[in-house]
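A single structure is presented below for examination.
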Amino acid sequence: MIKVGIVGGTGYTGVELLRLLSAHPQVELSVISSRSEAGRRVDDLFPSLRGHCDMVFAAPQLDALADCDAVFYATPHNVAMQMVPELLETGTRIIDLSADFRLRDAELWSRWYGEPHACPELLAQAVYGLPEVNRDAIAGARLVACPGCYPTSVQLGFLPLLAADVVDLDSLVANAASGVSGAGRQARIDNLVSEASDNFKAYGVEGHRHLPEIEQGLSDIAGRAVQLTFVPHLIPMIRGIHATLYAKLLKQVDLQALFEEHFAGEPFVDVLPAGQLPQTRSVRGSNRCQMAVTVPQQRDTVVVTVVEDNLVKGASGQAVQAMNIMFDFDETAGLGGAALSP
Amino acid sequence: MIKVGIVGGTGYTGVELLRLLSAHPQVELSVISSRSEAGRRVDDLFPSLRGHCDMVFAAPQLDALADCDAVFYATPHNVAMQMVPELLETGTRIIDLSADFRLRDAELWSRWYGEPHACPELLAQAVYGLPEVNRDAIAGARLVACPGCYPTSVQLGFLPLLAADVVDLDSLVANAASGVSGAGRQARIDNLVSEASDNFKAYGVEGHRHLPEIEQGLSDIAGRAVQLTFVPHLIPMIRGIHATLYAKLLKQVDLQALFEEHFAGEPFVDVLPAGQLPQTRSVRGSNRCQMAVTVPQQRDTVVVTVVEDNLVKGASGQAVQAMNIMFDFDETAGLGGAALSP
Amino acid sequence: MIKVGIVGGTGYTGVELLRLLSAHPQVELSVISSRSEAGRRVDDLFPSLRGHCDMVFAAPQLDALADCDAVFYATPHNVAMQMVPELLETGTRIIDLSADFRLRDAELWSRWYGEPHACPELLAQAVYGLPEVNRDAIAGARLVACPGCYPTSVQLGFLPLLAADVVDLDSLVANAASGVSGAGRQARIDNLVSEASDNFKAYGVEGHRHLPEIEQGLSDIAGRAVQLTFVPHLIPMIRGIHATLYAKLLKQVDLQALFEEHFAGEPFVDVLPAGQLPQTRSVRGSNRCQMAVTVPQQRDTVVVTVVEDNLVKGASGQAVQAMNIMFDFDETAGLGGAALSP
Amino acid sequence: MIKVGIVGGTGYTGVELLRLLSAHPQVELSVISSRSEAGRRVDDLFPSLRGHCDMVFAAPQLDALADCDAVFYATPHNVAMQMVPELLETGTRIIDLSADFRLRDAELWSRWYGEPHACPELLAQAVYGLPEVNRDAIAGARLVACPGCYPTSVQLGFLPLLAADVVDLDSLVANAASGVSGAGRQARIDNLVSEASDNFKAYGVEGHRHLPEIEQGLSDIAGRAVQLTFVPHLIPMIRGIHATLYAKLLKQVDLQALFEEHFAGEPFVDVLPAGQLPQTRSVRGSNRCQMAVTVPQQRDTVVVTVVEDNLVKGASGQAVQAMNIMFDFDETAGLGGAALSP
């Protein structure tokens, strides 16, 4: 049993962490903080948690967090990096769901996020929390930077191809689409039902903040620089990411076998049988990523289709998975529920 | 051909007015104002109007509006009532889509809207713009107060029953539901896709601002005080209102004939054949109201189901209909399009 | 640990039973049958169950079912009543999610379902499976008839009012609305995305099969005949029922206290604090029913708003709850998950 | 004024043709046929057309069709090709919305549609009805094969790039997504609200029937064989197609100018200003195609995003546009309405 805190529990990754952690057999939720909602019952803001979470939001305070074994940051970027240096010194281990520690290069971070990084000296020790690539490093990490939602799906889908070195690295395309919850619980006209439902659009085509993160991850996997064209889209639904990945094949290989073997033993990556294609609803509310690999018309382009729940494997579920690894729990503890379908 | 202005064209009733008026054969759109968007092209804000509206938002100015034959106010409440007295004096006729002139009783208005009415002396001359009840008065009106979206559907559905005096007036129930566009184009967390899609809820059960408007209208029709229980709900879709009305029958009458006869000749009220029930999609984008009348199990409660598009018959279309009546145009001019279905 | 079978596992109540039972600590899923899908892997039909259910659909066979401690029927009406008499004799206890055993009066059943009842002699021993009313009888039942989805929400919402005898029983109105999954997993044009999404309609106004079931239940509670006007509607979403109940108050009582006290101790009925209204999303995927009681404008009509997930508390979850009671398990076993929200 | 017939008016392209043609100033609707619905009022099947279409479905009969100036086939594939040879001989001009005459190569047709072509001798004279490519040929055509919904958006988006010969023709990717109405008005479990709403998936990755049509069209434009990777997806909404097109640039050109110039004068293709991206809702119900061209990160891949309403510019609207061209009407007649937004 460990004591756990959450900073910034009023967004969608926050309420999802609460859903998962309140049912986790080895976790005692100790503190949940929110500046804006301090003093309010959590289940007053989130009635779905009535009977599951009896806590009250508190203003963030170092000593309460320092008293925890692990603290999750479910905050917008530029919050964790202001607080983490001090908290790390207390020995509390940190799992950051924001973007603050995802890029190793402080200048690159600064270029994409529009401000200087507050603690560039910590970037080197932050571990990128993608278990399928970094499991061992996560186990020993003091500070884990959880991958973004798109980056999780795109990296997992390209992973077997790059690890086996069978595709051209200069012409990768990731056409991805996300449910609206990816935009967070913020009052924005763009994400109203009247604007974003019954609609489909691309956005951020010129350059999305997840691009450098994905390219960093893919380059790590490939062992050399990878260039990606990444176009995200907005799906008129709440949860789910679907990535359609395109790569030019350089070799003839049994791709179905390659994918199945690469992910054999991974508890949360599920390669579908040949002939099936993944659907976002099949992973709704679950920490699973499902994928399929296809070569249309037996030509030379491989298409990988990947789905995940952006709030679970793409955020809070993956963060809990990292916690399980860090504290040597069963990696699936608290993450065993089947998807909610239909 | 008349010159027309719109004050407050950045909301959903505004863009719908623009869609309808830009295709109206007898209207020249002369000015459209918005404080917040002054200087911006209309079709930059609303790309659906590219090629249909070549205008630029202007800051509201009295002389430009005074130069119009008719001005529509598509503003939140408490805007029109500040500007209307001055503009009325210039001879411009005014069609107000907001709530400012809907109630005849200034004190009642003040109780529900939380501030004193700015020009109570105008309330007596404002004509309530429901053509099916007030057509003649609308024709001669200088100031028309367009009915709210719920009030339109609820009054039209009860109208034949009250006019024929066949139901108990003390136990009326209106269970209504609206698409999210009824909440306007405002950045509110409650109306995000992640909150209001894939969800259904009642709201305003204690008392919704449309209640006094509906009770005033029903009492006018019945000739004595009517008491209504009114519960609105939010439907996870953009456009459409559905009202389910319940009343206790006091007499045996052929209700199908009663309804058909009452609305015979009405261009925008369509009583469905016996056995059919209305659906919101059948009036999507159209100015029609469709309804059905049923007596479940041949007992003593009559159920009227009514649909309209809240942005058309419930707002901008009905406002254009009022304009047509005021300027002696064909009442259906510019309103002839069939619904968009599916 | 008990052995459990499911007959008819290819519909939505079937896949929901599988989701719940595959995580139930005291259940071993022993057989799942489907005539149409016999021989197919369950997770081939329902990829959301990959990794959670390793079974293959079998043709229904008496001996395999007789080997179970409990068998769930997740079939359309008119299936269970053909098989149950024989299976009951083997000692297997039966939980029927269909309508076959919900009405005690065989003639009434026949009138609403259009065919004679196949085993009217069993109707008297079938226990209506609403735990909040019938817990003790369920504990000892050999055959449980699970309530319909609408009947669950309507009966629970009226329950405290009728038990306390504070409303007029001749003018009850239940205006209810359901997500489309209530219509089942059947190929019907009416329920296509292009027909039923972005739409709202009433249906079955003349008379819905759940009406006699609700009236039977309410009359049992009230101790005399109750007459209800019941109008169901279709919501453009998948899961969730919302019921808005209207009744005329005969006495002044503290309704908030009445409701809270009535359901105190009920694990799956949650009366919201005064001032809050329920939303379907707050119970999505959970077995909870949330409700609120309001008297609009302090007049004489009480409005109760109730939500449930039609596939959980309205079907499969309630069936598992009944099983827990029958086999003396913790009533919440396997039903503890929080709702999936957003 | 011409006399027009529709064969197969019970699907979504049929009802959309009826919506458009019933408001067309130069068209008299003379006959509408349906085997399955013969004898039924059109507005009984489609209540959205009440007051707009007073017709009754008739069984298809050659003489009634031969009496028309133009006949639209809004039928599944393999219907028109059985009837067209005989009807063509009567002098009636034919606009086929199905796939029967889209491919010039009868063997290719047969391979993708799984049966021999019924009148291969007519394929040479059928004109592919994409006005932006084939306007002159359409004007003189006796038989027009209207493009598929995906092929319209994909060809229009690639058109300026291929006409200007600035991209690599061997690595084109079209990642497209469609609303569910593209699947037609057929009872299929896959397209139920409970299956296809709140979900996103790719389908037909191995090979979709629109692939050979698009490759034929692109090859015609380019003047040599083009190879395309085409992956369609299903969007949880009713109307709209969004295509995201990827091509490797071979030359530095001002792409914004290239696109604007290419489509200058086209009434239904709208190149958005630089910096804007298209959304399906901006063309909902309209015959416009909106698109944007972008080079992400100023690298060497161009991304074109294109939207259309699949039932209008992707089907019935484009068919009416072809009719306008064939009969020398104003090309925009009956197609002038602005999109319905929100």
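A, B, C and D are the chain letters, set down in written order, and residue numbers restart from 1 in every chain.
To be clear about the criterion, a residue touches a chain if its C-beta (ideal position, glycine included) is under 8 Å from a C-beta of that chain, and two chains touch if they have at least 3 such contacts.
If you're wondering where the values come from, they're calculated on a predicted model, not measured in any experiment.
**Student:** Under the touch criterion given at the top, what is the topological distance in steps from subunit A to subunit D?
**Tutor:** 1
**Student:** Farthest chain from subunit C, going by the mean of C-alpha atoms per chain?
**Tutor:** Farthest from subunit C by mean C-alpha position: D.
**Student:** For the sequence-identical pair subunit A and subunit B, determine the rotation angle of the Cα superposition and round it to the nearest 5 degrees.
**Tutor:** The two chains, subunit A and subunit B, differ by a rotation of 180 degrees.
**Student:** What's the distance between the Cα centroids of subunit A and subunit B, rounded to whole Å?
**Tutor:** Their C-alpha centroids are separated by 45 Å.
**Student:** Need the CA-centroid distance for the pair subunit B / subunit C, whole Å please.
**Tutor:** 39
**Student:** Distance-wise, how many Å sit between the C-alpha centres of subunit A and subunit C, to the nearest whole number?
**Tutor:** A distance of 36 Å separates the two centres.
**Student:** What are the residue numbers in subunit B that touch two or more other chains?
**Tutor:** 12, 179, 181, 185, 194-195, 197-198, 236-238, 278-279, 281, 284, 342
**Student:** In the complex formed with subunit B, which residues of subunit D make contact?
**Tutor:** So the residues of subunit D in touch with subunit B come to 12, 15, 19, 22-23, 44, 46-52, 181, 185, 198, 238-239, 270, 272-273, 276, 278-279, 281-286, 288, 290, 311, 336-342.
**Student:** Mind listing the subunit D positions that touch subunit C in their complex?
**Tutor:** Subunit D reaches subunit C through residues 12, 179-181, 183, 185-189, 191-198, 236-238.
**Student:** Under the touch definition given earlier, write down the residues of subunit D that touch subunit A in their complex.
**Tutor:** 171, 173, 175, 177, 179, 194-195, 197-203, 205-207, 211, 227, 229-231, 233, 235-238, 240, 242, 244, 246, 248, 277-281, 284, 292, 294, 296-297, 299, 301, 303, 305, 307, 342
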